[in-house]
């Protein structure tokens, strides 16, 4: 394992310190317990948005703290959800009195820790709503799983709910918008290589030179199944097929297409995937109204990508377009 | 041999030792069907417990377990943090202020811990989780305590052995809760890391009393 | 080699197509010959900025086409400079009559091809100035080399010269600003792993599990020397040492600090490097006034980073802050 | 045996064949001290030349070389594109409209090509570039032509052999031009890819006349 780190145990702490130094104008970093808040938090009258999860998915979530998106991000250890004693103070710090929305990716650990923090915050008089993101079509949402995972769609939920909060929507409205995004987005991912968790030191799974994992999440878990390597168009077809079927995309739909790199794949390859995904959508009669291509929710240095399709309506489009000013996503300001 | 505050401190110390020793093994188990962090999480959590024990010595077993609950809750993260946090908290509550624990009380504490895990995680037996170590452990402890023949050490041993067997029993299971459930059938043929760490914890309880 | 591609021969073409689809509001893509222009090019009265080079460094250069930065980008084959028959039409397409600045990274191939294109453009009545970027301190600038390479500093030259052109500076002034940036920026890079050029199929160099290459460029060339793996702080010290010595940074200097990922390194690691680099600058008495952290000029999926330090003055800072609206760099708009 | 338009077409066809055959070898050489693209660039360039030859047949050797120059210039890119482009262009200019090339004219064309490469690239002998293949080739061709004993095939052979020896001579050199110069002393011990492709081109000229 070769990484630009000093000590596996200090990876998160030092990365957060560097992040704080690089974006001192935008964010404030609390080191113990670790969380990051928007510089001007709490924003008077505004609903606060808090998200968090294991580290290793950067720029998620800290990169999305700022105007028009998150008020706070709570990073856990690498691939380990944060703890209530981090989530609670982050929640309190961004509560202006208008309440706080927790955006939680659906993993047992995240759900349990945010649940506890929400209870504790409620006990301190803060109204908390939780938006659970579970957009991963690779996992069947049934009694026999922990439910679909939250993956690429999380970025879209954070952006759009963030815009709703910024325009002054109340607590329930912001949560409702977040849920609407989640209800209309589906994601599917592929890995060409595994990633290596610093403290583990070995790749999270073993993949032969001619194999790929279809249906991976963002934690270096193996995917749903393993197939021989295929070309970009075939892989894209597979992912799009799963996404479009589950989302029931039909002719005339307007969508946001999000091709996300898992961390170790060159941007040029993401554009090759994007190109094919647009063709698939066109064949389905849908039009791509907005797009996002890049490394926005990653799994360390994993090679691969995920494709998310969000069905848009006018309001979601308007909120997507609204100004955002964070370290990792910025426009209109 | 009595289960008092001294025993509890020794137990937690042995837990910390066990997690450090089995850190890599637990990471490897989690690597196979999860995200490679369980050993790191448990080690970090129990090292923090050890640090707390260095700061002040708990007066009762219940106080020791409560401190452990709070520490694990704030240091472990992931699924295991809240689950073990709840388990230790419920056990602490069950033990109350007692200075010493008798077999029945210990069986009751284990039961409370197990119920706490189930209440939080909603897993059933056979879902390939730590519940598959805890449930047989609780049953064995209860049986040993109820039988009346076992002394307190016998109850600890019964629980540890059952937990170990329970951990082994997860091998062929298909996971239906937690991260391993994403793998579907591919999760079969691997041992659940949380069940293994649970067995380590219950085995440490024996060591502390021996 | 596992890559999200269809055919090594169509990588550039398909990536450019995807890029054009994803950023149709910002850019226009010419496919044969291949070049990308700003949607509203030529901008009346404005000096045109053209850059280009081999592909594989994305988002450079096409990602920087847009308001406040480049008017055109000309991508060659992977790691191969583009040809005059691409550069010439790109130059003509963005010439509003105010002339065109070519921003050229100092590599024999780029220099020769841009030279020819500039001659041809001049023959068609376009005034062309060339800004040669050569910020890489890993290479000695002497009679015995092809001169220092253009690396990380290129992004800064393109942004700042682009802002000068946007505010209405004339041809010589824009070129002079570009040269001022180049004169005040130094870069040094490290690779933890090699990259694989699609048509080659094997990694561009072989590196043992405990070795790193110090002084790499952006083409997968081996570096100046190979050393045993070190931790992030030590590596950062080495890079900063070379950069600060060559740039003669002294107490009181204000700088822009740019930590760039080579493509396959997680963002969190770049922040760990950034953190140490800030400390090194503080020790030297310099203050970080602006910063940039991320994958901005890459070498496919290479793992590693480069650090660039640009000595700022008030004008350069103002131009850095000026609005920019491109696919890969955006603020103030 | 005369060097006419037919020969030129055959030469360029054999060049394309050679580049395709040696594509991987040239990539490997460039991988060692450059950026792994030389074989790909040359193959792409000469495939384009081949395509042009399929569209229309040049009337003179000079016309064939001029078409080659323009095609390489627009299809090869990198350092090799402009350098070979200039080389073929200068050679074409030297040959003018002649329908047939005699030994002296061929030596002159090679000289012009070499001078073009030096004018563009500013490399000297010993800098570990294609110049180290071209300069001995020019000298050998000139000597063979001047000696008067060699027929035109002899001149071609002399140039090819000298270029091949020249390519081998780059092995111990430390590069001072082009991408390999960044490596400093680490460039020694490797053969320059451009010198090898130059030797392939000059060897193909022999094949076309044989």
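By letter and in written order, the chains are A, B, C and D; residue numbering begins at 1 in each of them.
Here, a contact is a pair of C-beta atoms (placed from the backbone, for glycine too) under 8 Å apart; a residue touches a chain by one contact, two chains touch by 3 or more.
Not measured: the values here are computed from a predicted model.
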Contacts common to subunit C and subunit D (chain labels): none
Touching both subunit A and subunit C (chains): none
Whole-Å separation of chain centres (CA-atom averages), subunit A against subunit D: 54
Approximate Å spacing (C-alpha centroids) for the pair subunit B, subunit D: 75
Computed distance of Cα centres, subunit B from subunit A, in Å: 32
Residues of subunit A engaged with two or more neighbouring chains: none
Per-residue multi-chain contacts in subunit D, two or more chains: none
Touching residues on subunit C, where the partner in the complex is subunit D: 33, 54, 76-85, 107-109, 112-113, 115-116, 138-140, 143-146, 149, 197, 199-200, 202, 204-205, 217, 219-222, 224-225
Contact footprint of subunit C on subunit D as seen in their complex: 27, 31, 33-37, 40-41, 44, 73-83, 120-121, 174, 176-179, 181-184, 186
Subunit C - residues contacting subunit A, complex: 2-7, 11-12, 14-19, 21-22, 55-56, 58-59, 63, 192-193, 209-210, 212, 229, 231-233, 235, 263-275, 278, 288, 291, 293, 295, 298, 300-301, 303-305, 330-333
